[in-house]
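Naming follows writing order (A, B, C and D), and every chain is counted from residue 1.
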Amino acid sequence: MEHPDRTTLIAPERVQAIRDSFARQEMMATIGARIDEIAIGRVVLSLDVSPRIGQQHGFVHAGATFALGDSAAGYSALSLMPEGSEVLTVEMKINLLAPATGRRLIAEGEVVKPGRRLIIARATVRAEAEDGSLRDVAILQGTMIPS
Amino acid sequence: MEHPDRTTLIAPERVQAIRDSFARQEMMATIGARIDEIAIGRVVLSLDVSPRIGQQHGFVHAGATFALGDSAAGYSALSLMPEGSEVLTVEMKINLLAPATGRRLIAEGEVVKPGRRLIIARATVRAEAEDGSLRDVAILQGTMIPS
Amino acid sequence: MEHPDRTTLIAPERVQAIRDSFARQEMMATIGARIDEIAIGRVVLSLDVSPRIGQQHGFVHAGATFALGDSAAGYSALSLMPEGSEVLTVEMKINLLAPATGRRLIAEGEVVKPGRRLIIARATVRAEAEDGSLRDVAILQGTMIPS
Amino acid sequence: MEHPDRTTLIAPERVQAIRDSFARQEMMATIGARIDEIAIGRVVLSLDVSPRIGQQHGFVHAGATFALGDSAAGYSALSLMPEGSEVLTVEMKINLLAPATGRRLIAEGEVVKPGRRLIIARATVRAEAEDGSLRDVAILQGTMIPS
């Protein structure tokens, strides 16, 4: 992958822009998501698993897993964009690898290919069990555009 | 498409099984979704747009649009399955066609290809404006398995 | 779907532009594909099934099915674009519904959502058996950009 | 990712089974593909770029890039399966990152999640320029089933 240079520190203004955008996404509060890490081309989000985002078997609903992974991918794209930008997902594909269960979901988004017109990004969503062990539960791959 | 025969009425027990499964998906209540129609191989869900499922521009978050469309597709698959079944999404792809805005989102799920091991399903999500006009906002295509 | 108006006849120059572009795609000759129909927002391609596009079970290889469907979708997009345009696929998802076998594969591409920056298109690939019966073998959904 | 143990050597019979299956896929000969490496859960294929797999701009057609990447992913799945198995792609998503141009395309397929019913796999396709430099041109993510 043509990863951006991760050794460069992200500017505090970019971090703030991502935090502001995230705070305006009420869906993130609705599913209980928070920002764990912001780096250049890489953003980690997580949420505490709760029944309100569950499906019929008691696992986390694919929609919540998707929302977390998609937002992590989107903010990884935003971390590479100029001041005043926002991004929109134009398409996203998710493969669900295992039931999302445990105490926490952690989504790591990263930019695969930056671009002026299109940004290709990925995310991996992991579930943290009660004992702290991690398991991959979903992978996402999709396209963002500046908006 | 090899659609199932829509002239056959769906058995009341299947309708009840879908309603029961839906009621156990707390994520559906969290995003405000309800069941509008249940037919053989076709299920329509909708939700009233509210700020709590919004993203940073005030549109509905892709995660909520996905959750509604994915569930409509999943229940269309469940409508074709024997008593006691449940379905799981194994993968789903969404293309977002236009910002999801308006007063209501309506997701129509349908089975493209039923099967014992895999069910291929689609969904179209439409936004209803204040004046009642409809606009396609997303299309989904994916795979379900019996669980 | 917000289909373009199919009652408008496509301009002969657009038809010629599509035929010229198709003729320059040597991959189409390599898999034996030809143009069957060109309309506004809809293009049909087909190929005669031959061992040279087969996979290990003797069915048509997913790569050939994809190439045919992707090109049908791409030319349906090109049919809506101004003189001198070309399109590129930026992403495409295929679900394979049934083994592609028989004497002929037919791919019908159509534009789901036209746009200046992005065009969303779909294709359905059908296999024609020796007795002339048709079976859906794949559906594709993806994004094109002008190039 | 829950990668299989790559330190275990792959059994010679599995290598031979993959080579035999590959030899039966005439589509691979049609696009000029060959096997470069076979390991447990990882297979690398490549092809020399030639006009016969080109599209209208002279780049490699998305269909050929897809065929190579899909087959690399499929054989990475097959490398993990018991004697006598074959795999079928049930769905695959490709994001095209850059025009596929140069002298050679190299596709590295790897299993993301093995399973008895479903195998999730990925591939990255790189283009090698005349000067030997490599550039990512496509990423694929999809699902295989035993057949």
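In this section, contacts are C-beta pairs under 8 Å (C-beta built on N, C-alpha and C of every residue); 3 or more make two chains touch, one makes a residue touch a chain.
Since this is a predicted model, take the numbers as computed values, not measurements.
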{"item": "Chain pair with more C-beta contacts, A-D versus C-D", "value": "C-D"}
{"item": "For chain A paired with chain D, centre-to-centre distance based on mean C-alpha positions, whole Å", "value": "28"}
{"item": "Chain centre separation (chain A, chain C; CA means) in Å", "value": "33"}
{"item": "Between chain D and chain C, distance of the C-alpha-averaged centres to the nearest whole Å", "value": "23"}
{"item": "Residues within chain A bordering two or more other chains", "value": "90-91, 93, 95, 142-143"}
{"item": "Arrangement of touching chains [line / ring / star / complete / other]", "value": "complete"}
{"item": "Chain A residues within the chain B interface of the complex", "value": "21-22, 24-31, 51-57, 61-64, 66-68, 70-71, 86, 88-96, 99, 147"}
{"item": "In the complex, chain B residues that touch chain D", "value": "90-91, 93, 117-118, 142-143, 145"}
{"item": "Residue ranges of chain D in contact with chain A within the complex", "value": "1-2, 93, 95, 97-98, 112-113, 120, 122, 124, 135-136, 139, 141-143"}
